[in-house]
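Both complexes shown next keep chain A, but they swap its partner, so chain B is in the first and chain C is in the second.
Right after this comes the complex of A and B.
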């Protein structure tokens, strides 16, 4: 079948072609977006360091560890520094804007994270001021924050008794050198939080979410992890020590098997669209049965007919897929900003484009092959007898 | 093939169809020979096997038994792509319902069979335009079938049938959907193709007037050869119909 005939057949029913094109575009768009989320989650895991360990409660990440554990962990051979990490979970501007806030030990946090590059203000200024904080560049850009500005945060996990906001004064703005650290986080002093609790400004028991352990050069992570776990084997709180990479992986898994869920949604959408396209192509071939009989009578072989109909379906799906990818790419720029707090590093990368295009081709081939095979097996006489 | 050899030869051809579990014999041991360069009309009552015979000669169908030899080739032994190639080279079809592809223009429809030849795109285009000019449609080349009258559509179909210069034209009720005057114009065109270009034409028809335009009339009856009439003076287009052609 000639390219002109294929093209004219596609244009013969513009509405049907546009709808088919649209459904493929929508399916590929969704798959690309979902794949980008999965990739972003995985890349955060792969960029994480294995030279940093995380000590958390063996029960759950949401169970705090005693403050007394810090000195015991610091005494384990191979441990360079220990830094307390506390999820704050506060809200800025009446809950309308979410970003992560962590209470950390300023003296050990900075040295443990060389990936953190303070580009405005200074780390020392942060370390020297009890209510100071460090914010990521992306966060500063979003809210127009400057060094010296006060950021009021309403504590949801740690609400003040008087209902007032926590005030953090920006002492530094950082950029991340790797995706292990995202630029939409606020770090403040753990001691600022602890003192407030001890003074009764917050009615909570003091505790530590996780301990971050920075290893000495040459220290064997596995041995240190075993030693820390063994240290608290008999309580009062058992701990689970993992590398940062493993911790990140578990965190992603904890999100409720999000990658599996996202892939399942993408697969289901594709499956549904596949049948829609298959039905369209079957209908298109069936209503052209007599034309196919004419082509065969003129001397066009069964193979010609098979290839022609397959190419027609392929063209439709590849074009739809390309549109889906293009739309996903354009929209991803905005989406990336909107979900940066939850899914840092979101982008339509080569992997997503390849997946989208691969699926479009597969969709076109499979949906095209079935009617093309039927058409190629048609006997010319029977095809010529077909009703209009 | 020697000049004296018939261009179409059917030997003991049998063909039956199964309908509702019942076997219906359509052609029952048909023997027939047709000369090259002649214009045949094929007549007979409905169900006598006219279209079946045409389809067998054109390689659109295969016999259950017997031999179908066309242009020196055992068509009954050809299969698949080989048969398609043979059809493209030797036979041009004209159908009752014209069977033009609605999405293509007149010229593109005529160019279709030329895509199976080694001609370049410009050569194909020139050849299609020549064929359309020959059938009197030089001014309708870019029209789609829906923009043409029935007679014009059938002319395009005839142009498509002769575009690759086949030796045989098989026409199945080519005037069946046309009014008398237009039918005469089509029959006149077929006569000219036969006389001026030497095409062997086999035309299935129910219409005795249409059959009068042929040199010979083959009568089929219940799947067997009845008789062959010779028209010593085939009918010519009426002055009225000729005037319409302009």
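Right after this comes the complex of A and C.
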């Protein structure tokens, strides 16, 4: 069948073609979105640095390590610097919006994170001011924050005795060069927190959530990891040192069945749409039995008929898929903002596009083949006799 | 006015059975996805509504939104239990109150990976507070006070390593023996429970996390809160258990509901598209029959109703198929991390009446929506043109 005939066939039933196109577009759109969520959820592991190790309590992520561990870890061969990390878990604006806050050591944090790019203000200004903080671009955009502005945060883990908020002054806004760092975090000075505790403004014991270790160039990570673990084997608190990839993976496996669930939903969507399209294609071919008989009587070979019908279905599905991907791409820009606090780094990336396109081609081929096969085996005489 | 006999539609569906089957399967699969997400949300929501008593007060440190963020010293906990007139007392005059420690500990899952499993150290008072709600399953028993024994919520017994009955679970360095699996309302079933003192010692925790207590008749958590707020010795706050728990599950529940609505809208639209296609083809192939119906005196409206019914019936069949597809999911265990507590939360798919009713209703609606336009077109056919078609 000539390309023109294929086109005419598609246009003969404009409503049907549009609706089929629409359902393929919807399916591909949905699969792209779900895939993007799964990718975003596991993206942190892929961009992890091999230069950084994380030291946490061997028992629980929620148990602090003693402050005294810092100098001991720094003494291990292969360790360049050590940076204290403390999860703050505070609330901004009555908890209506959540983002992470960490207390860090300014002198070692920046050098350990070359991915961090301060685009407004400066890192030095942050390092030089006790109550200063660094915020991600995404956070600054969301709340309209500017450098120099004060961000009040109510401590939930570290409530101030007088019930007041912690005031952090923005000294820099950063962008991330890789997904290993997300742009929705506020970093402040660990020492600011420690001083407040020591002055009695907070009734808590000072401790460190995790230690970030930046490796010396050429250091063997596994050797350093076991050396640090061995250091505290006999307490007072045992530690578990992991690579950054492993540390990030820990958070991904916590999601449990969620990625599997999203993938199954995607699979079911395709299954449903596949039957719907197959149905449409079968019906379309059946209605055209007589036309096909005419074609065959005119001398078109069985193979021509088979290829023609398959291409027709393929065309419809690929076009639908392209629309679906385009819609997903446009909508994802808005969606990414809406779900940023649950799923940071949500975007329709190459992986999702490839998946969507691959699936629409497969869909078109399979859904086209069945009716095309039937049609190619038609006897011209029988086909001509058929009612429509 | 005479309506077209329903048998006509029934037979039409049967005559075109391969097309009918494909339409039913595609509507069914759409509905199955919706039903599955709904079943998940139901499983989650049931846990939410079954639990949480308004007559139980939960006391946390001021500012803490969850147990994991809270800490109460031994003295404060003692003081709260012994000197709170708001708490009810049992027959022996002991307050129905208890201090508990809570820490999510990193444990290995049976299918690989690690997760944070809540370990709750409880005083015997907890069993007096939650006495009727908690049941240790056949074959096991409760832990003996002061011993290195634990009981495990049945939902995580198979999900987490070393949590089966008779297993030895190492917490930090101390081995604990699992002596029972328990059932309880809500999130407790995703936890490991042991003697408060033993758990605190094993995990090297200096403080309790919360105090719970049964409120006397006529006293509310707000009354308790009012007195505690005025007490300068303490920096704590009290809420009732129901609001405490719903605060912890709101976020995750919202995610499921959002996902469900999003999928319903997108997939529903897709199903309407395919429904319209199927009905159009089906009616187009029957143009002559429509002509005959019109010429034998059926009103266009009767024909419209007839085809609409047929579409609705297709939807109904699809709905039944969809529900049958998800039925095996009923009771299947799943779990994820609740971001409010950052710890493991296991629950199961629940195919409830809401799920079945919702799925079938959506399926019928999809059929009717998809059939409306084609049915309308069929009803408006000219008798002569319709009959002329071969």
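Convention: the second predicted complex is superposed on the first by the 295 of 388 C-alpha atoms of A that agree within 3 Å, B and C clash if a C-alpha of one lies under 4 Å from a C-alpha of the other, contacts with A are read in each partner's own complex, and residues count from 1 in each chain.
Keep this in mind: a residue touches a chain if its C-beta (ideal position, glycine included) is under 8 Å from a C-beta of that chain, and two chains touch if they have at least 3 such contacts.
Small disclaimer: the values here were computed from a predicted structure and weren't measured.
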With the two structures laid over each other on chain A, which partner does A:299 touch: chain B (first), chain C (second), both, or neither?
first
Just chain B (first), just chain C (second), both, or neither: which does A:157 touch?
second
Does the superposition put A:63 against chain B (first), chain C (second), both, or neither?
second
Check the residue A:30 against both partner chains and state whether it touches chain B (first), chain C (second), both, or neither.
second
What's your read, chain B or chain C touching more residues of chain A?
C
Is A:4 touching anything from chain B or chain C once the two structures are fitted on A? First, second, both or neither.
first
For A:313 in the superposed arrangement: first (chain B), second (chain C), both or neither?
neither
Quick one: is A:278 in contact with chain B, with chain C, with both, or with neither? Answer first, second, both or neither.
second
Output check: A:15 vs chain B and chain C. Expected answer is one of first, second, both, neither. What do you get?
second
Residues on chain A engaged by chain B in the complex (per definition of touch):
2, 4-5, 8-9, 11-12, 290-291, 293-303, 379-381, 384
Using the touch definition from the top, list the residues of chain B that touch chain A in their complex.
55, 58, 60-61, 80-81, 84-85, 87-89, 93, 95, 99, 101-104, 108, 112-113, 115-116, 160
So, in the complex, the side of chain A touching chain C is made of residues 15-16, 19-20, 22-23, 26-27, 29-30, 58-63, 89, 91, 95, 154-157, 159, 161, 163, 203-204, 236-238, 249-250, 253-258, 261, 264-265, 268-269, 271-273, 275-280, 282-284, 286-287, 342, 387-388
Within the complex, which stretch of chain C touches chain A?
18-19, 22-23, 25-30, 32-33, 36-37, 40, 61-65, 68-69, 71, 103-106, 109, 112-116, 171-173, 203-205, 235, 255, 263, 266-267, 269-271, 273-274, 276-278, 280-282, 284-285, 334-337, 339, 342, 344, 390
